[in-house]
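The following pair of complexes shares a single chain, chain A, combined with chain B in the former and chain C in the latter.
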Partner chain A sequence: MEEQAAAERVSMYVTRGCLVVPIQVELSDELALRVQQDVLHRVCRGGVSGVVIDVSGVMVIDSVLARIIFDTAKMATLLGTRAVVSGLGPGVAASLTDLDFDPEDVPTAISLEEGLRMLEGAVSEEEEEGCQ
Partner chain B sequence: MTKEMKEIKASTPIAVVWEGILLLPIIGIIDSKRAQEIMELALEEIARREARVLILDIMGVPTVDTAVANHLIKITKAAKLMGCECIISGIAPMVAQSMVNLGIDLGNIIPCSSLREAIACAFETIGFEIRKISK
Partner chain C sequence: MPVRVKSKQERIKIRNNFDVAEATLAAQRLAELAGFSRSQQFMVSTAVSELARNIFIYAKEGEVTIRILERDNQRGIEVVAEDRGPGIADVDAALKDGFSTSGGLGLGLPGARRLMDELEIDTKLGVGTKVTARKWVEA
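Coming up: the complex of A and B.
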């Protein structure tokens, strides 16, 4: 069982300086924590100025999972990137609100595309600053 | 969809003002059940249209009690989680009075005095401005 859990991983990729983390499996708390670690390690390796955590493929998110996901975004922000959580569906959003979940200033986007668009501004601004 | 849901849908039209801007006028008395259904409809529509701003126009709501205000706040919180800002417009004087008297905190909702101002605010949020063209 543990071995099986260890083999389970969420793949992530970097596109135009943004780390995209598409979560397409039902998350367990352990897996979510592993994703958190992987994301932070990847950000530490450099070459990433933005992170989008896309949860559009996750049908059920409880308050613990949501906390882990939003905390990951906050941690990535501490590492000097901009982080967005995208793809929360109507059902998930409604149930998290019922659970009194507080996103604490973590920006959210309706879709992965929108999330990347939000970060694009940040990335190009940084580049502009670098040019000056 | 049940017959009831259809009725609610008919009484709560959601208009697309612009790409990314939804307008939800609420007319009549809201009870908890209706508020719940309005929330479901609004969130589904936000997801379907990938909206970035939702304008809640409550001009047609005569009274707001604590429960209803909480439902409105819930709609905005859930919309925010989906990456959609909420603007409330058309708060009647009576409603404003009762909201403050009841100690309701509207949180991060952007209040606007009129629908016109709300639409201007919504356009600003998605990066547009309304200006007169010179002829």
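Coming up: the complex of A and C.
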């Protein structure tokens, strides 16, 4: 498990005014929390009015990881952006339902593209909102 | 058998988060060998993740053993999560949604039971807990 012990990071990018967070590796709690921090710091730097956390590359999301991911979306919302979690696979969706996981009011999308489309109406590229 | 099986059993000591991740990976690999669909493999992995986390949270350390089962023409997977932790005082309550004595999410046991087909708890206060869960490949 040495590769997991190394300081792994998920790289993210901004497109159409949205911060895209494509998670393409299996998550540890530590990595998920690092992603959470990175997302919030990036949002606070401004120039982003939407966040899409795409988990299509993650096959196993248990109750704790799900909480971290969905909380990240909620936190981004508190910072004044719109946030969507996209790309939950069928196994993940079935598992989270069996785990009685409550996504609360965090919207989900079938794919990253669809997530961006959902935010597009609400997001204007010129908009620049910083952190208070 | 279509594939040569290197190991049909994995035993993983659980002492930290990385061990939990290792158990999760082993579960997926064995579930694949047992013939579960991709979605079902990840459901088994998720159940193992929850059970291994419980060990880490409540007992600090323990062991997860995962093996492939065969009966008649059916294959399945068995997960045994064992620890010498404090034990569970009220098993019925521990299997109810929302119950947690750790301040955690309390989703572990009832969730794992729904993810698998069968789940038994053998526990004694001050001695430890053994959770055995099985899931069968649908014929």
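One rule holds in what follows: the second predicted complex is superposed on the first by the 117 of 132 C-alpha atoms of A that agree within 3 Å, B and C clash if a C-alpha of one lies under 4 Å from a C-alpha of the other, contacts with A are read in each partner's own complex, and residues count from 1 in each chain.
The criterion applied here is as follows: contacts are C-beta pairs under 8 Å (C-beta built on N, C-alpha and C of every residue); 3 or more make two chains touch, one makes a residue touch a chain.
Small disclaimer: the values here were computed from a predicted structure and weren't measured.
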First (chain B), second (chain C), both or neither touched by A:Ala94: both
Partner chain in contact with A:Ala109 - chain B first, chain C second, else both or neither: first
Touched partner set for A:Asp62, first chain B, second chain C, both or neither: second
Contacts of A:Ser86 with chain B and chain C, given as first, second, both or neither: first
First (chain B), second (chain C), both or neither touched by A:Glu26: second
Doubly contacted chain A residues - partners chain C and chain B: 89-92, 94, 98, 101
Partner chain A, residues of chain B touching it in the complex: 39-40, 43-44, 46-47, 50-52, 74, 77-84
Chain A contact footprint on chain C (complex, rising order): 17-18, 21-22, 24-25, 28, 38-43, 45-47, 49-50, 53, 97, 104-105, 107-108, 110-111, 114-115
Chain A residues touching chain B - in the complex, by the definition given at the top: 86, 88-94, 96-98, 101, 103, 107-111, 114-115
Chain A - residues contacting chain C, complex: 1, 4-5, 26, 28-30, 59-64, 67, 89-92, 94-95, 98-101
